[in-house]
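You will see subunit A twice below: alongside subunit B first, and alongside subunit C after that.
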Partner chain A sequence: MTEVSNEERRGWMGVLARAGAAGIEARLEKAAPLPPHTRLRGPEIGLAMLRGRAGGDGAPFNLGEMTVTRCAVRLEDGRVGHAYLAGRDLRGAELAAVLDAALQDPARRPALMEAVVAPLAAAQAAARAETARKAAATRVRFLTMANMR
Partner chain B sequence: MYVAVKGGEAAIANAHSWLAEERRGNPAVPEIGTDQIQEQLTLAVDRVMAEGSCYDPALAALAIKQARGDLIEAIFLLRAYRTTLPRFCATLPLDTGEMLARRRISATYKDLPGGQVLGPTFDYTHRLLDFALAAEGAVPPPAPEADPGEDTNCLRVTAMLAEEGLMAPEEVSEVEPGDVTRTPLSYPAGRALRLQNLARGDEGFLLSMAYSTQRGYGNNHPFVGEIRQGEVTVEIVPPELGFAIEIGDITVTECQMVNQFDGSRTELPQFTRGYGLVFGRTERRAMSMALVDRALRAEELGEEVAAPAQDEEFVLSHSDNVEATGFLEHLKLPHYVDFQSELETVRAMRAAAMHETMREAAE
Partner chain C sequence: MSGLLPGFADPVLDAQSAFRAVLEAMSRPGRVQRLQRPPSPPAPLCPAAGAVLLALVDAGTPLFLDAGADALEWVRFHAGCPVVGDAAEADFVLAAGVPPRLAALRAGTDEDPQASATLILQVEALEEGAGWRLTGPGIEHEHRLRVVGAPEGFVAEWAANAARFPRGVDVILCAGDAVAALPRSITIREG
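Moving on, here comes the complex of A and B:
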């Protein structure tokens, strides 16, 4: 089953993990109904140990834990979907897992990408861009008084 | 010694009822929501997550509400909750070089690539009480925005120094780090365990230890090479997938302290670093951690270990405020039997001393 590359899957899984149940549900209203699924594992809440690196680029160390929700589901066509997301969001994890399975189906993928993943990705990119713009407004400009427009 | 006692159930239940009433305060005043704590007391939430060693803003906000704002009590609650959850995995090491920075400053270079980005800081505020905040309903205008240009990803200051050979490189290693939550500390603990311990250590303790190095207890002349604060992506490699996925972003603060190192017979003089990495926006904590990390590297760098902040066992075994609170507060639990035997001992000693005095007087 090489219907989808790991890189593509990684892309939508990252977007869905950040979206949360409310974000995904709002987008699903404009999409075809999700296929029925059975739960293989979870959704369940646990922890991940976050690691950092000494000096930022040295040996790894354990920084502290974070809550994580995960879920695995199977569709009737046998496709298995997984989700891991930061925080506690059982519904969000289950929806993300079902979407991960459905998105692996080339017949469903284009519509789901357009209705769900692409708009969520755009909203997340816009939020990041806004943060970057606010940060840029607090950038100190030394010795550039003469050049100020 | 503490000996278990029975009884007092009704008194305890009534005390807890009163606690719940006191926690709520005057019912004529609207109740505070955990969402309000999460959104408006963000630095308290950050501290509880860092020292509770569990990144979850909503849980930290709940803990703060339940603890009536006692942050050490809230940290205790969060630590207790985390023990009820299974650990799924460890993440890939965070790449702070790829941070979406809200703040990034250096005290060593004025014009550095990426520039000095102040971010939402208390620095340069006048520390005058703002009575406008006491009135409700004011929504501040949105912060100004500017074109970020191409400088959004910033080269590390330590990397700039390393290019010239002026910064001691970090050890290159992928060794699985030890975990203080799984194995009790033994000494020497090593840098990975020290960093974990400091990352969850009490902020006041870290600040005092760091301050002691500045005042001369452990020779240390630090510069803030760089502080950066913002969102970093968290990645894991689930075994069932076999490739890395992003599970979200967390806010962290990183501090690179740059310290002079005189060199040794085998090494030329160069700079060394102390490292701080903490959950949230707790910059004071990141700076303190970096100073204490550098102080604790004294032995490794061939420096004399003379001050408390350089003593690994002293620092690591006293940094945890949940442990410290537990040992301190157990003193208020009933020690009746223990004290009874002390009473008898003191009475016997007094009787013996008085008997001796009377006998001397008689002679």
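Moving on, here comes the complex of A and C:
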């Protein structure tokens, strides 16, 4: 079952992990119904330790813990889907895991990518651009300091 | 590859009840315990062996198993344990076929007898009231256990294992949804 590249899968897993249950469900209404699945693990909530490095190359230290929800499901054809996402969104984790499994099936992938993943990715990119635009408006240029150098 | 199978239906309560069954089996050697809600592990693992693995094995206990790739993937996914290729390095050894010799497994030391291996041995059936005569701590007079499909020469190997007490290997016998245990302090005589 290696008919999908890691980069592609990483892309849709990231989009689904950031989308949340409400976002995914809204897109699923227009898509074909999801295949039946059995839960292998979870969905369950736990903590993951975040490690940081001062300056990006210093000694690693524990920054703090974050809440993570994870889920693993299995479709009837044996494909296994995983989801790890930040927060406590149990329904979102299960939906993301089922979609991850379904997207590995070349027969289902184009329709699901078009109906679910592409709109979610576009919405997330728009939200990120909007935040960046607002932040850019408050940017201060220290012209005096730049001129003195 | 048939894909992963689910583990315990209720990971917390089912693992606790499996742990309780193993505890009962260890404290009353040779008594057969039935597991209430064992998982359905991939072949050739039996439900009892799967339940014992998921209840006892974790990231701190290296496991050796001879049950094939599906079983290996299943245990690693659900228990998250390291898998070793040499039975002599493992804390838990699962034998679905011919088990490694007891003398080849970790036996602990006189100072740390608990650093020994536990052998989870799959057999065909466990029946009380006939067969081996077990005596030792946890048994008032004598307990009889018939093990269908026990490996050849097991009783002789067991005598050698019990002779190095406090060092030695403990064995958990699994068949279907039944579990019985043979702690190293038990003496086996053929009936």
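Throughout what follows, the second predicted complex is superposed on the first by the 139 of 149 C-alpha atoms of A that agree within 3 Å, B and C clash if a C-alpha of one lies under 4 Å from a C-alpha of the other, contacts with A are read in each partner's own complex, and residues count from 1 in each chain.
Just so we're on the same page, a contact is a pair of C-beta atoms (placed from the backbone, for glycine too) under 8 Å apart; a residue touches a chain by one contact, two chains touch by 3 or more.
Since we're looking at a predicted model, the values are computed, not measured.
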Fit-or-clash call for subunit B and subunit C when the two complexes are aligned on subunit A: fit
Touched partner set for A:79, first subunit B, second subunit C, both or neither: second
Touched partner set for A:39, first subunit B, second subunit C, both or neither: second
Partner chain in contact with A:53 - subunit B first, subunit C second, else both or neither: first
Contacts of A:107 with subunit B and subunit C, given as first, second, both or neither: neither
Which of subunit B and subunit C A:139 touches, first, second, both or neither: first
Closest approach of subunit C to subunit B (Cα atoms, Å): 7
Shared subunit A contacts, counted only where both subunit B and subunit C touch the same residue: 72
Subunit B - residues contacting subunit A, complex: 49-50, 53-56, 58-59, 82, 85-94, 96-97, 100-104, 110-111, 115-120, 143-149, 151-152, 156, 158-159, 170-181, 191-193, 195-196, 199-200, 230-231, 233-234, 236, 238, 240-250, 254, 256, 273, 275, 277, 279
Contact set on subunit C toward subunit A in their complex: 1-7, 11, 77-78
Touch list for subunit A against partner subunit C, complex: 1, 38-41, 72, 74, 77-80
Touch list for subunit A against partner subunit B, complex: 6, 9-10, 13-14, 17-18, 45-68, 70, 72, 82, 84-88, 128, 130-142
